[in-house]
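Right after this note come the structures.
Next, two complexes with chain A in common: one pairs it with chain B, the other with chain C.
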Partner chain A sequence: MATSVAVPLNEKGRWNHLYKVLSKPGPFSDEDWVPGEETINALESSKILGAGGLGCEILKNLALSGFKDIHVIDMGIADTIDISNLNRQFLFRQADIGKPKAEVAAAFVEKRVKGVKITPYVGKIQDKDEDYYMQFKIVICGLDSIEARRWINSTLIGMVDLENPESLKPLVDGGTEGRPPHSNYLNIQKLIVYTGFKGQARVILPTLSSCIECQLDMHAPRPAVPLCTIATIPRQPQHCIEWAHQIAWQEKRKDDTFDSDDMEHISWVYNTALERAQQFHIHGVTFQMTQGVVKNIIPAIASTNAVIAASTTSEVLKIATSCNPYLENYMMYAGEEGVYTYTFEAEKKADCPVCGNLARNMDVDPNMTLGDFIDSLGEKAEAQLKKPSMRTEEKTLYQRFPPQLEEHTRPNLVLKLSELLENGQEIAVSDPAYTIDFRFRLHFR
Partner chain B sequence: MLKIWSMKQQQQQAENAEGAAGKKKKKVTAAQLRVQRDLQELTLGETMKMSFPNPDDILNFTLTIEPDEGMYKGGVFNFSFTVNQNFPHDPPKVKCTQKIYHPNIDLEGNVCLNILREDWKPVLNLNAVIVGMQFLFLEPNASDPLNKEAADDLRLNRDAFKRNVRTSMAGGSVRNVSFERVLR
Partner chain C sequence: MAPSPAALSGPTSKERKYDRQLRLWAATGQQALEDARVLLVNSDGPLGSSSTGVTGVAGVEALKNLVLPGIGGFTIVDPAIVTEADLGVNFFLEEASLGKSRADETCRLLRELNPDVQGYSYSKSITELLGDAEFLPRHKLVIISGPTKRSTLETLCETAQKLEIPVLYIHSVGFCATFSLQLPSEFPIVETHPDPESTQDLRLLHPWPELANAVASLGNLESMDDHQHGHVPYLLLLLRFLEQWKQSHEGNMPSNYKEKTEFREFVRSNARTENAEGGEENFDEAIAAVVKTISPFSLRSSIREIFEMPQCHQLTTTSADFWIIASAIRTFYNTHNVLPLPGSLPDMKAKSADYVALQNVYKKKARHDVEEVTATIRQLESDLGRTTLILDREVEVFCKNAAHIKVVRGRAIPQISNNSDAALLKAVRSGLQMPESLASLFIACQILDAVVDEIQSNPALHDGRSVDDDGLWIAHRDRILTSLTLGDPAAIDESALEGIDDAIQEVRRAEGGELHNIASLAGGLVAQESLKVLTRQYVPLDNTCVFDGARSRSEMYRF
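Moving on to the complex of A and B:
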């Protein structure tokens, strides 16, 4: 297929429908909302960050929603276009095979939608600091791991500074998952037929509404096969791959850290799995399946991605322009049998370790010992902590249990706070009497 | 743009909290905070001890189990615990640091315990894992083996299995595999 791009005849006419929505109030728009020029300008000047391999859908939707300044940060370091992507990743053509996804997608959309600027960054979201994230208005993410979601969530929550309104960055998260509604032990055997027919979109206003950490329990962990099955009675080709990956690797290549992006490593696991499969007369171990199992890849379904991308990008549009109420705050989509969606408001968790206990400021005397400080926590009205354990990010200050750790940290009790902490440092305090934990930022006075 | 900022201010007024100031410093991570809490809520009893090679790093530690009853009585067993930043979404990684003869622990130290893998849930805590580990020594389970030979011994001839356990714990060999001496 050729790489030619059709440019619409009437470039201005393209935005007519969008401007209609933005130029007059609708039945659901906020009463204070001012439609028209101002709103349109706000939309076009909003700097949006797309985090994670958003794929073609979100990028295309953002560009066609009128956003002009789109940044993309994608952690797929070795993410290049593969022939198997072409059936659903519609910004890529055969001639693009082997090229980096982020760049090809950006170039395609820029060419097709005049006036949009897309800035791709190839790297991990964790490479960037708060200063980087501070420049954006809204963050939309289609991250592929819970770890990355938790990271961006806690980073955005940590950035909220009451003195700076711009520091509160709405986070729109979309994801698809491939687990059946009743994922139990038996279903594990069918692992490979799970495909991404389910998804969710959610809007998170850091510190204001329920965050990703609050909702962590809703993410079912990946189905794991019992280690003993893998070790002794493999029945499925996947079991052989897991064996090669989990057990044989440790035995034979203890000194190499397994890297799922290293082709040699995958090949080794594939060949080892193949051998084992032959021993047990199991058929069906393929290189592709090996990659799928070790990287925990769930086959993507184009329609699910499109639904979730449409939902998340329209949330970004609504938040950026206030033209309509935004999603409060969780929309689940199930497309295995027909189409079903359900929207509900996930609640903030009082004891959420990320957003439930924002650090409170506390003035302390730097010459006070840690022991006296702990005693004072028991007396202070806002704390009343009788048996606290506490730490900073890098240091265990005092831990009451287990005894071995108590012994280690007891000498800290006679040290001055100024010897243990820096001015303005945050400590996290747990006390058995409370189900929630506390964070304090200690200021020397 | 939404009026989220005025919402935020309202919320803040309601809580009557004072403004945040000061430079951002590294925050205690969610995983650290959860482990701090879990450690505090442990019930170790007489048979278990913990040690922390680096007391400032509570995500990596060793658990020592000294069973006071059952077939493994008299042994001292060490397990390394590695908790990653994705805890409690991910279970802790637990490995036996000695080479021992046990149906549910292989010669590399991998442990087959349901709550460490397929049945792990974020609501479980370190105490649940530690109780589970202790249970492995009281009731070795032959039906879910990781060391198949040991499991066969346990199933087919319990007395021979008991003798093998004694031999292995004393540092002897069972079926030409030599084991580490783990007696107190």
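Moving on to the complex of A and C:
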């Protein structure tokens, strides 16, 4: 066994277990790795940014991994503590309901783990610029929206300056929304199962390894029920709820802004959905289901959160200290039947709109109108863009802003793709949610 | 249908607090949790004067994940006193806890998480507490933080086995975690929550009369207008085309892949493409469903095994409800060659009234099957002289899940020693043969157990010896390997041996200590398995899981 290297005495007692692992090489640690004081110093001086809904677990784990300077962000003002958080977000109590998550969580962990400094920022990750992100060593996120993930991913990739190794910020991402990877879009269209026992952890080295955008099609969006089904031929209780929520509310209460946290609003949708269901002899509309549909609720439990958060923070510790190899680069987790994980290396794609240099191929129907094509981008697994604007190298096809340009390009929406584009032509798509353009090469099918 | 009172006033505050989990295990699962108290045996005393002993963080983290969703209560047994090293790994201790009872302090801080949960703590050894015969039966599950003295572990596991209380035994050492689940010898689960796609049972090859009538009443497809034609539920389309196929194929259904592909093309050829949409969604759905839905009913081998188990044949007055229902379902199967129909229908393109009508055909058949099973059960109950009747709801749930029920045959916590079961040793050896096997980490933890056991069992002899003592590790590595190979070194190949030595090095690196991340991850997994065992929903681990944090992988083993 290698001999231990001396470390500062005052901390030695408390971090006894951690320091042991950091002071000896293991069978899988790199041959060039230097255990001991240097490694421990690197750990303590690493400034870490944590973001998102797995926040309580991630904060606790980072603090007990020996990190001293932790920032938290994106548990926004709108995202205050709700009673339904208490079944898993263990830093919050009944008395904290209504307070901003980041502040309560930071104060709690600082008080419990002496010597750690936690700086909360109540707001959105999109509020911050490159200068802000540049100060961190590693970014770890447990964001619950794909949009926020894609934003941070493209921002960190955009920051990489090959001349400056410090500009490369490893991104460690965890999620529990339970999308099975390796299913193609068609297969899971009919299989909308949010089991609450699933999740994934991944490590992204911006520009060097497969990024979130490369893996986008593994996380297909929930396909929307066609509007005509909701409007005219409901069959499921969920269709009746969507009708009450999307159509009846607009007709009967268009002056009220729908608030999914307002009990009166939910009750109205529930009762309206129930009436419609009775009319069509459809059974099964319940209050719980109504809430689930209108708030897009994903089941969540403490144990799955703990597994995913801990696997991500463990990767952060390994990256910060090099004490063991980090995950390359994806671990999926499913716990309904025993304990199942699958670790694999997701591919870096040459046609990734963010980290690749080729336009991504997309098959389209040449008879489709531009307007329908734009709508379809929201659901296409490889795009998932909700408010796209687009142009070719020569001309603007459709531009949402400024209003004059919108008006000018609006007539294109009713034209067929074949009237606007050549087969195989490349288009650039922008979306207000992202800072970069997405390049697609459209092939007529 | 009037809205229920609960709906008018909105959900209760408890329903709101637990909303995200009630969607996973429903009120019945929640009730089972609230009726349960969990015992955590978090250490078995110090490892000599020079060591801080087991920190037991994985167990504490598991309790956190059980307190949050609202188990009835928990008990922590731990004679240890809080040291500085505990503060660096255990989140449920604070500076003011130093020098106090670790059981009391952890219990106090865990209780803060959920006022609905009762917490109890004992700062003494479990051996002492087991002297009270009423102590263990108060609990529905035992979690033990390893390594622990072998004699303690054996007594606990044996007592729990007699009482049919499940046990989880955990190791969390450095970057490695492993745990095993000991279930009662027979552990039935009805609500296994299989993937909804795999549960679809539509009986297209053998439609019962009402379903056949629904197809017949469709009339002529050709004479339909485009709107009607595009809204015939795909299920009825398939049934209609199957009839036609049968007529042109000497009464046979498409049976192999080639025929199914041909049948699929036949369905496709009937779709209208000259309409405005250039195709029909219901036909697309039908085409996509051919391979999956056109297959004869076959009884899964796991269900056949359950039907063949003696418990299913030799019913007594005291048989568990599960076996009475299983036996009635076996009678149903023997009569009809199918299981009761689950009765659910996937969503499909159709007009509302047509879909609801078709759904009712399935529901009615399912209800009818439940009635038949219930009649058998009532007869059995009366023959056996049972006075408490099985609830209708239980029968219904069982019938709906009949194709996916499971009986786990519990196994003891695996331990490698001279008197280990030959089957266990064989399972471990074959686990080791897999490339990059994680069974090596399981073995390293077995050696750690042996080292700790020796230090704890002979405190006078070994006082001052570290958990990382070279001599002890070498001696116990050899002893465990001898047991494992039954003295034949060739039973394990070179690369497996290298794997074991790597695992030993990684485990020794931590000198028995925990890393919080890995303990927390193990605590998450252990809590998840506890939830499955307590709710009797989903499928629990059978029986050992190893997580390797160095390589970010896990494996399951049946040891």
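As a working rule, the second predicted complex is superposed on the first by the 267 of 445 C-alpha atoms of A that agree within 3 Å, B and C clash if a C-alpha of one lies under 4 Å from a C-alpha of the other, contacts with A are read in each partner's own complex, and residues count from 1 in each chain.
The rule is short, and it goes like this: a contact is a pair of C-beta atoms (placed from the backbone, for glycine too) under 8 Å apart; a residue touches a chain by one contact, two chains touch by 3 or more.
Please read these numbers as outputs of a predicted model, since none were measured by experiment.
Participant: Quick check on the superposed pair: does A:His281 touch chain B, chain C, both, or neither? Answer first, second, both or neither.
Facilitator: Second partner only.
Participant: After lining up the shared chain so the two structures overlap, which partner does A:Pro170 touch, if you call chain B first and chain C second: first, second, both or neither?
Facilitator: A:Pro170 contacts chain B only, not chain C.
Participant: Output check: A:His265 vs chain B and chain C. Expected answer is one of first, second, both, neither. What do you get?
Facilitator: neither
Participant: Is A:Phe90 in contact with chain B, with chain C, with both, or with neither (first, second, both, neither)?
Facilitator: second
Participant: Thinking of the overlay built on chain A, is A:Asp30 touched by chain B (first), by chain C (second), by both, or by neither?
Facilitator: first
Participant: Where does A:Asn61 make contact in the superposed view: on chain B (first), on chain C (second), on both, or on neither?
Facilitator: After superposing on A, A:Asn61 lies in contact with chain C but is clear of chain B.
Participant: Between chain B and chain C, whom does A:Arg202 touch in the aligned arrangement: first, second, both, or neither?
Facilitator: Touch partners of A:Arg202: none, neither chain B nor chain C.
Participant: State which residues of chain A lie in both footprints, the one left by chain B and the one left by chain C.
Facilitator: In chain A, positions 326 sit in both the chain B and chain C interfaces.
Participant: List the residues on chain B that touch chain A in their complex, please.
Facilitator: Residue positions touching the partner: 1-5, 7-8, 11-12, 17-30, 32-34, 36-37, 39-42, 44, 49-52, 55-58, 85-86, 88-90, 104, 106, 108, 110-112, 114, 117-118, 120-123, 144-146, 148.
Participant: Applying the document's contact rule, which stretches of chain A touch chain C when the two form their complex?
Facilitator: Against chain C, chain A makes touches at 1, 13-18, 20-21, 24-28, 57, 60-61, 64-66, 83-84, 86-88, 90, 93-94, 112-114, 186, 190-191, 193, 195-197, 201, 229, 233-236, 263, 266-267, 270-271, 274, 278, 280-282, 286-288, 291-292, 297-307, 309-311, 313-315, 317, 324-327, 331, 335-341, 343.
Participant: For the complex, which residues does chain C have touching chain A?
Facilitator: Touch residues, chain C against chain A: 1, 3, 6-8, 10-11, 13, 15-24, 52, 55, 61, 64-65, 68-70, 83-85, 87-89, 91, 94-95, 112-115, 174-175, 192-193, 195-197, 231, 288, 346-353, 355-356, 468, 470, 501-503, 505-506, 508-511, 513-518, 520-521, 523-525, 527-529, 531, 538-542, 545, 547, 549-554, 556.
Participant: Name, in rising order, each residue of chain A that touches chain B in their complex.
Facilitator: The contact residues of chain A facing chain B are 30, 32, 42, 46, 130, 137, 146-147, 150, 154, 158-163, 165, 168, 170, 185, 188, 205, 207-208, 213, 216-217, 219, 221, 223-228, 231-232, 246-247, 250-251, 319-322, 326, 353-354, 358-361, 389-396, 399-405, 408-409, 422, 424-428, 430, 432, 437, 439, 441, 443.
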